[in-house]
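Sending over a structure as structure tokens; questions will come in a sec.
Each chain gets a letter, A, B, C and D, in the order it is written, and its residues are counted from 1.
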């Protein structure tokens, strides 16, 4: 995020005149709407906002935001965004990427952006598939995923985006669902966080990977969503279940909560700054556990850009550029006429 | 590792006739010796062993091992090794890399090798510097590192190699010191692990980053080494101190152990399969905590190569290749003479 | 009423009377299944004994919104009783399933050409989406063409009503209705299509029957209209007789499949297993897809995390004793160039397939172009020569893939094989070759210490170094990207050695020219006024244009290169034997550069960089200008 | 005794009498500080008013083990009373601090040349390490040279004894003893070196005094030996008078510093800030190092995780309104090629510096070569033209960097600037330019909606599109790597538009030729029998060779290109005005390809790919062969 005197805008102000070209029913539409609803609420100004993306269906996003935008090349959005932010720190930088773009070809740049903690919002549209190239499996695809490149099912273990982010040093990790109403709030928290805010959004690719998230996104399965809130107990399934700690094995477990008495059940209270719990939450195997959603971890530390500018200020303090002098130093001598 | 009928070799059998070209006093020498001592103990056969490396001082390693070897290009060793192992699974594959090679340019390949869990040993020579290019800071260099490219000190947060590895899905994570006698044992455990065994070796670059690890490697500072052993209490400083868990904050703490009574002090017993503890161990801030060494985490799961070959076997079962038939299928018709 | 049909014809005769070849384009919304219609019509053309070529042209978007201009998907087929090498320039018949399809395609239609339009889709809403102010079927804006319109949608609904499908599903049968009509128009047998439908919908017989009903209804419409029903207008019918083609077994094949099969064939002839490291990218992905189903042929496919890992893994596999293969398109190849250098330095066999697409950068992923020749021949740091070959057509890609494997394994070198989006996607008839007629070129892995000792960088008479499988006792060695010492392969920085190795690498690749055929003239004479020199997928239009020009008595010949680097030894002499040399390319003049550099011939570029193949007429015009 | 000296001279006269220029090479173990010695000797040459050129040649290993052959570090200087453009071919004097240094360097020494050897280092152990069976100082294997040997080690120890240094530290002063002797040999003033030592060791006066004592001792040795002390042999002395050079302030500069300063100067003239995204690689790193100290000049340096991130961040910075710059060497540039395509497509200014090294692949990182010209001109997918310029010398790199910035910002295009390992590391005298004499070329960021509306891909008269800083109200726009629509910059896949944009991109870059000077002939005539056409760091040897040949009355001229792409408009005509054109390159003939393609001139390649610069004699020979 960055500090600008907020101005009044409406979601409409953030829409471009460009025809949106995703498949009818694609989850990307919902995310686009959510972002366009978020911008006015955070008091963003369109001309001071930049959306940077890589390549993929998701990465078409910038064309639809009435801001500055850069649709770059596959996997490199974090690196381009780093240059944008360092060259122009007043800009509010949003990076849009897909599971292939951010975690396959772009994994290294994602890792280093998180490590350095560049101040920006990183939205990962995770549909567990390569949409734009017509449906090959991706690093987030579950084992056994049949796709044009894995006709007999994929055999490699999928990566857990949020676990990867924590391992890379992320200081803000959140999860949401393309169509979930909470998405706007998650995006606002991401924007409020100074540093790289990593947001994994489960996005339904209706054409090549329809309903992979149905296990917790479908109306019938809402009970499998664990929405986390800082300072609040980790309750789900209409507060009839909660997450507690098994101290012996130092692992999480699901406990029943009888008539709301969650303390008795030993349900954990969510502390967004607890890294250990964050590790456990992002690694909870779904099925046996619910899907942890919302802000999983949020513990700011100095951003890369601020550190760079502080050093620049300190180093250049009182130094005046004098090119003529600069090139005239070193091993010099004078030849007289 | 792989299963071969062990044969008798001596460390000498693993030395090449090539002149070793590291700086006098470089930590790489000690690692080379340790590896050469390890091979006979694991019953390796030179011709069935392959060392694959990227580019860097450390990556010169293969030239000095009397095995098959491939000195590839900067950062790509894990990918090359994947091809080697998949094409020839009987080979015992060792990947040698540096902190720049594995975590800067090669971060993405390291991540995916770990995620897929290719069966090999991955040795990271971490000297917290770019040695071969004459001393620029690396992703593992501490904040404030002055180097030719950061004359006023580096500002980015360093990556924690083992934390990164866990986030990427590593199932074996270990740490050792170039000159430590335990290195051979750590390498043997790594080799015994089926899957990618990630070993971070603190290596002293005497020329460009001398003694960065002195804080725990120097004789005087041995008390800051916490050598972990499965099933043994986490004791250090001559068993006068231990690592215990603060349950409230779910974090680790250092406790004093009075006359060997570590249970009383609540010292944790190391369980190499406990991922939560592993996360905490790799993230322990040094200084306030000792440096965790030895096998930090070891919990095997199916390897990529085994999964690939199982699927191949299942899919091709009973299918006989018939190229003439293959090209004669599809939309065919016959034109008669 | 709903099924009323109207025909507005200009005075000139029906377009279907004329030539011995006909070009039909099916155009509709991406949802309308035009590629399927085209594919089946292609099959029936084949079964009718016609020669043909096709060109599918689908939108960049996965699924563009219904009825939009950018959502139009088209399939063109050129079939006839003579040799056919291109999908044809201007269509004789355009089937337009909605206003957007009409808008984007009608301008290509021959004057007097036939438009068949589904009036049912020309609703206000669809007209707006297609940016039509007025309904073109109603005003006379289509005056210079013949227009036949009727409510195909309604007719289809009527036809499939018995099966009680939902409206949406029912309408999906539109394309079969259209196909049925087309089959009638060209006097084709329906049975194969019916069999295919039964097979396709085996799991859902109702859908099968519905589609068959639609097919029959469309066919019947043609018949009944012919015998003049009220409110129905006769539709021109035409029989295109069989082309005189060699007898034998034929199939349709796309370039992507041909490359995949060719690679498999090459590896069988070389007696090595194949390791394919790939990363998806349009239009190259289909090769990965095809190979991933061929495990029993000793093919292992690995979808890597990126293009660099893809080629790196392939290089690792080659070092380990399999043939490493990787495939991508321009942007992905760019990422591989550093690793290609490693393969050159370590002298490992490797095949790199580039299915070229429109550039630069992300460019036009779904369009075709030939603009990566510079990249293939010159696009590396250092003096890093490697052989480059280019396929001229889908079926030619099969033999080119075999040739790539042969050169890679015989010379221990990476080889770049160039195809393009057109070749990859287009389908053409292919006379299935008899594999027993191919000469094997088995590789021999060195498995013992030869007398004189083992030299990892020793050379055979082709200057190739030995290929050793790790695991072989006694032959342990280390290789890498630093300059190698002659013979030993040890690291060596000495000036003399670097010069020697640079020369060796160059001479080895130049020497490939001793093991490839002399350049032939595929049409015309070995000297004369004008030579049209092409490479890759421009073959069809060049060949047709030259044939037509020669038919008019012009002194022009067609030379088409397969070996881009090194070039056939006689090429220089051959080119010098023509007064003029024109090089048509779908780029700004890349082969032209190589020819001028190598032979100092004044090769004149003829360039088209629009993402579309050349039209025969464009090349004819250039010929006439040069000779007129 | 220890300090005994012996001289074995052949009959021919002292090498130091002859020519008006002298070539001295200091060679020793990497630990012996030869680069320092050379650097200081260079300074004193400068102060003596000599013109000069130097060539440092250090081992690939960071710190090779003591006394090994591959651990030898050498520094060569060519200084004289006339214009000097190369570090010279064969040295007149070789200072060999140990057997390995002698072994690896003596073969280059002129016949009759002078060897100064530290006999103290010729121990059995060191001789073995240098693979000498016998001590060359003892047998007559060095017969064809003059040999002066004495125990410099011992003499140094004696000289610094008073300061009570440890043996190791004391021996470190050896290089100053040697320097002192050299200063005496060439009648040079010691004071500047003494001042420099005081300054260098300000924190440690004892070391300063010890080194000064060693320096003086070396100098004194020359003096006393001259007046014939027992056991001492006279050492030839020689005064090389000042070269007639333009008056003014001079400094020594390496190409790396010149590029860094030139980029800073260019950005000042363009009135933009600089963002440098880099990733270390030999020999390019020094540019990153130099710029990282210049923050107060509006330079931000970013060490990225790899080359791709380096250029991607630079492109991001250019989009954000600073000039993005990136730098690497061949293998790193290879990785950048995909992103370079993005910069071409988005038409953003960008400077890409390639400090070429020996290839292919990892190749010879510490050696010099010119083999990335193909990569620079042709090495991208798609039709992706961009300007390429090449520096001919360290000082020329300053102006070339400014030129690169000018073209990038004026034409909104990426520009590749080629230097090489030789230019990057070599130091030469540079007459410090007066910056006020440079014509500024300020960029104007579009900051308002122009009448006619804002067109992100509109064009000025140079066909450049407007540069807009994000944050500017009213000018919001989106760019990317997919083909852009003319003017609007929206995504567009239409054939006409792709053709139009392809032509625009080509015409824009071709148009740069209208804004660069005509090609001049830097030595000789604008027509004649023979032209030697060069580019980059071959300037020195070509120039000297042509000068010598012309002095012998031969009709040969020297043309040296700065603008590799597009080429100066008069170049074609110019080249055609010579009977013969020879193109010497440190590659297998890359510029040659461009010249032959562009102008159909029969440019003859003269190639050297050994990692070493051309010798003047090699080019002289080619001239004589061509004209004789």
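The rule is short, and it goes like this: a residue touches a chain if its C-beta (ideal position, glycine included) is under 8 Å from a C-beta of that chain, and two chains touch if they have at least 3 such contacts.
If you're wondering where the values come from, they're calculated on a predicted model, not measured in any experiment.
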Farthest-lying chain, centroid of Cα atoms versus that of subunit A: D
Between B-C and A-C, the pair joined by more C-beta contacts: B-C
Whole-Å gap between the CA centroids of subunit A and subunit C: 40
Chain centre separation in whole Å, for subunit D relative to subunit C (CA means): 47
Averaged-CA centre spacing for the pair subunit C and subunit B, given as whole angstrom: 45
Mean-CA-position distance for subunit B and subunit A (Å): 29
For subunit C, residues contacting two or more additional chains: 70, 305-306, 331, 338, 341-342, 346, 361-362, 480-482
Subunit B: positions in contact with at least two other chains: 55, 73, 104-105, 107-108, 111-112, 139, 308, 315
Complex contacts: residues of subunit B adjacent to subunit C: 16, 18, 46-48, 50, 52, 55, 62-63, 65-73, 76, 78-88, 90-91, 108-109, 111-112, 308, 312, 315-316, 319-321, 323-324, 326-337
Subunit B residues within the subunit A interface of the complex: 104-108, 111-112, 115-117, 139, 152-153, 155-160, 163-169, 245, 247, 249-251, 274-277, 279-280, 283, 301, 304, 307-308, 310-311, 314-315
In the complex, subunit D residues that touch subunit B: 61-66, 68, 70, 278-282, 285, 288-289, 292-293, 301, 303, 305-307, 331, 361-362
Contacting residues of subunit D [partner subunit C, same complex]: 60, 70, 329-331, 333-335, 337-338, 341-342, 344-346, 356, 358-367, 369, 371-372, 374-375, 377-385, 480-483, 493, 495-496, 498-499, 502-503, 505-506, 587-588, 592-593, 596-597, 600, 602, 608-612
Residue ranges of subunit B in contact with subunit D within the complex: 19, 21-24, 55, 57, 73-75, 104-105, 107, 130-134, 136-137, 139, 148-151, 207
